[in-house]
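Following this line, the structures themselves.
Next come two complexes built around chain A: one with chain B, the other with chain C.
== the complex of A and B ==
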């Protein structure tokens, strides 16, 4: 080892042998590296999961916040409750009531965004080698967190109605026969990230029944539930089952920058979550909680969700129309009834990971499907998001994406179909751009 | 098991066998339970670690924030960088320069309060059974976090100049001989929480030298560094050593409710910390970061630290004067040069844990010393804080505390000195009130 002096010493990792085992599950993914490139302005990004908050009433929010600081500054800038402030926990009951949930504010824990709820649930349940069941495909950020706790993610197949209860039963039975410890099922029943699929009500009941039969706790992640684009929201799984940890968020129905999400959990689990929260941060962001509480009191938050719905509906329709117009034959895609994402399945032999670099050349970005699996599936898939770009750019982006796929298919026709190499270990910390 | 229906089902912990091993280290401490009682208005609390932010210029902060929301609302309410926003990381260099640190903004990670930095450092370094070295006594919230990662905390003796380098060398040598893996030394060189002790510059250099000799990483926790009450701050350990993770916070120099702290780490470690942060929260609180950034730009933040210093100096002086006036003979206490806390050592045989209930009866709250050890020490100690109560209440509180101690000493004189039972396992999630 050479040293150029103390400043440069730090570039060498003298502590490389000291890291905890769990850091092996923390890697910068190839996807992330390419994302940095894809952030250039000439590129149409169908990759990000950022909500489009351009229509928020900023002047009103500014005035409300200033008043709040003048009147209650020493309270909202002080340390707060480890569980979260009582008032916002009450207000969250009103939000969840829109999806049929009846609950007690004492069973709600506030988290630094819904991602932190995933982290704290993982923290209290997952030992190395434990199994987490997840949909096929599932949210990259959740998979990364489960892997960072050295858990094994086992994917359960989905059909057009989302998670398949029969496949869930078979998977659980097989794992039990192998003496594996299944700690919970992680599921996104509404407008799944990345698939865009929604579980109908009957399906939710079937999934709950299978979980009850196997004694499996359900973690229901629902960031997009109120962003239904065609009909009223389907009641949450939590409305029909007690053994459910329900995760909610203000990131998509208001704004993500405050980092306020929540977990509604059975009482004993909630107690452990509060201890975990105190160890992790002492208390979730206090100022943020009061800011959102104030927004819910002062502004027409339900009306704002309506504004968001109208905007996202127009964008979803633009993406589906463009896919219909431009995609070469042999591909299929989901028709989401809400949320942010369309999941595209391309012909056998296509490798979406290698397409990504060509996409950047063609000035379009998307997320290769492999990111949403812990086991190397997804090579034939991509996730396209319509939440952030304009209607015009969505159309341009889809056309560019279709061109890239055409080129890929040309290559395949010339050189023959090949079985793509799986890319295990591509899952990593999701980064805000993949949320 | 009986059930009164689905609502009450959740009160039974059906998943009691499912929790991760690490939850065994997460317990509600006896101290916490008593704290809830101690929050009554008639009680003078010398227990909390809440900064007193009454003198912040709230109207100016309110106006600044409103302008920021109007001008940049869609940026500051959006997802942000997993590492933290670039501008505030630059500004933090100016803050750290006040303690002699030269660094690169790329080596700074923003965290949801300094507590989250402790959590993320633990996450990337600690496997079950690893050793963390810590001062005697040390911050309850850090100890709780280390234990929640199933690490063993080994205390290193302190003298009146803080951590004892010779004892550190001997402890490390003994642990190495036992093949234990020491992952880092956790130290609070300035105005230690709870001891109030400060390591002189020469002492810091000695500690660094011992750590270098043994290949031990140093985690330097410095929330109170700029709140020096008698002289200018002593340069940070990080200013003299590269193998240091430095933890800073705006909680005490501005306000804790934004939950913004930071870690300055050697580059390779910083990379792992960012991945851990993304897995934990996607990104630290974005709105909070911009709010603080704006405060640093628009307001006289150094002047505000001066205001805080003057206020805390007056309170510290009041506490030391009251201790001098009221404490029975046989006790000693530290004379802090900054920060929030005085550490009291009482005569042999006193049990500070059992004194706490009597303290509540006498309308005074304090923290028993056992909370600040992972190994059952501290029965003869209490931490008294002067940060939050008024000068008048500090005097009243110390008088009441001295009365409680008198009563305890009377009992001891009557029934004879007994060796107090140690209280292992009292350390738990600290809760905001203990920070």
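== the complex of A and C ==
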């Protein structure tokens, strides 16, 4: 007892000492909090990875869904198969055929978005300390999943054609010499998130060859493959390799709210994935599967992908033109041939994470590059997305971003800082709407 | 009367503000009050004009919320509000003004330099940084002059860390303060006004697991241990409370404030900074002080609304 009454001693979480080790990185961060501003209308957000679904034929889809509920309501609102409904698994074969994949519906597992497929793959393969190879840079949502299973993510350098096979060979050789267990290579060969880079066909074959040489399983994540903006899609790695888990999604080619993705896996792996899926969710969302199956049956889904491609092409071109017009000297950026993102490299010494605060003041949002690395790289990079803002706002946003960079460079010139203050631990990534 | 809780805004602390606003709104509803919640947007002025007898609780952190701009507008509109008026809020939010004012009143405050980025650019950064090191000595603290939640604040242990810390502070605004670092026990004292006048609530001692009470430590439940009242001798607790009351008066604050204090090894409490819109989130300090004082969050704000309504 004190003069102020009894003493309270609290950490505000009675169970703080009970959490698993894997939650250590799950903390509030200032960077993530700054993203809270991104959704305000005054802000031009070049941060979001949300697909732009404004051109979907919503009245037609609404009629189809109403009919579906009337005709099959008791089935589509019931539990379903742990592997996913047979009809949609057959239809997915048609989708994958567009990228050269021949497969059997028995080897397809439906998941709650391909993000859940990443989780299930990690669940069945990763023990703490296992190595996951990932290209530099790589998808923030995948890195978070691997780290939550306490894996050690090792980045493999990329060049202008994406993942570098020689660097992959050298990294694998070094890790093997250190007796490290490489569980799989995670790669996004089409229009990488965040870099926008695409592996040419020959590069894919070479990557597969190196993986075969080292006995490395490949996890090919392909959410953007059908959103090619300049040419027809390049065949998937899975079309040329057996030891590949292929992850697909309807989030970008239709709509993300249904949360339907899939994994195509070699038979033995698929069996374990189904058991893991049943353990996680009993079954993937049945209503969503039927809704998408219905959409594929009744709507011109290939035509809709064409609509998306035209829209994203216009936006991509607007962003590249604005970067050309506004960016200060010393910066470079990728020229994506599909997907949603441009990866900007800024002069040495720039800290994109500390630029976030300037961005809020300048009314522009972007994602600092460090989010796409598990090892502290990426300070002088940002990811800019062109998928959601209008052409006009893309230009305004890039101009504001260029001003933010000018401000940062001005301060750096004053203080002569050539290497950013290291940020402890992994840089926090954006939330789901921005991934 | 209609209670309107305003949170959000476009500041760096939008996320914290929204959480504070929700919590206060719910606490008031739990006590039977009708509450309208709103962000700061183009519809807000119309909203204020459309309801009967509005009383505003600005739960805005950083930027236009804490710097007096929003309360200035409320004053122009003639809408009563909880919290400090614009002039005192502006002075308190700006660390370069608040610390000087508190020091001038004879209260213990760290030696401080306030410098805009421009002066380093025009006079040459290296010579000024050398002089700063000689004047204040290391370690020292570098902070944005107008920001909260420890955003952009860095402890600097040696000269080679100073440029990076200044770059980090200037990311949050054109003016930075560089202060003598005070070593000791970190406490926060909430000052609350009620019908009987001002009173200082039990000091909350802050013990971050990481050793630094940064943004993560502030808003991650479990990352910081809070002891209320602080484990300090009674005389030091009283001295900390008196400092907070004195700072509240010197700065001309109203209704509610929180003063961040470090009690040094000699037992002297030092003013570190004042807050005109203390956080009310699940991990914030003022609600812990309310709890220790036996006060309910909803009752506290209902009382403040009544005070504000009386003008």
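Here are a few things to note about the model shown:
By definition in this document, the second predicted complex is superposed on the first by the 411 of 435 C-alpha atoms of A that agree within 3 Å, B and C clash if a C-alpha of one lies under 4 Å from a C-alpha of the other, contacts with A are read in each partner's own complex, and residues count from 1 in each chain.
Here, contacts are C-beta pairs under 8 Å (C-beta built on N, C-alpha and C of every residue); 3 or more make two chains touch, one makes a residue touch a chain.
Owing to the predicted nature of the structure, the values given are computational and were not obtained by experimental measurement.
Of the two partner chains placed by the overlay, only chain C lies in contact with A:411; chain B stays clear of it. Once the two complexes are overlaid on the shared chain, A:40 sits against chain C while remaining clear of chain B.
Residue contacts after overlaying the shared chain place A:16 against chain B and chain C alike.
Put simply, more of the residues of chain A are touched by B, taking chain B and chain C as the two choices.
Once the two complexes are overlaid on the shared chain, A:278 sits against chain B while remaining clear of chain C. By the touch criterion defined above, A:355 lies against chain C but remains apart from chain B after alignment on the C-alpha atoms of chain A.
Of the two partner chains placed by superposition, only chain B is touched by A:126; chain C is not. Within chain A, the residues touched by chain B in the first complex and by chain C in the second are 7, 9-13, 16, 27-28. The touching residues of chain A, counted against chain C in their complex, run 2-5, 7-13, 16, 27-30, 33-34, 36-37, 40, 42-43, 351, 354-358, 360-361, 363, 408, 410-417, 420-421.
Only residues 10-16, 18, 117, 120-121, 125-126, 149, 151-152, 154, 161, 163-168, 170-173, 202-203, 214-216, 218-229, 231, 234, 237-238, 282-283, 288, 291-294 of chain C touch chain A when the two sit together in their complex.
Residues of chain B that touch chain A in their complex: 6-7, 9-16, 18-23, 26-28, 50-51, 53-54, 56, 58-59, 61-63, 65-70, 73-74, 76-82, 102, 107, 112-113, 115-116, 119, 123-127, 130, 141, 144-145, 148-149, 181, 183, 215, 217, 242-243, 251, 255-259, 266-269, 272, 274-288, 291, 428-433, 435.
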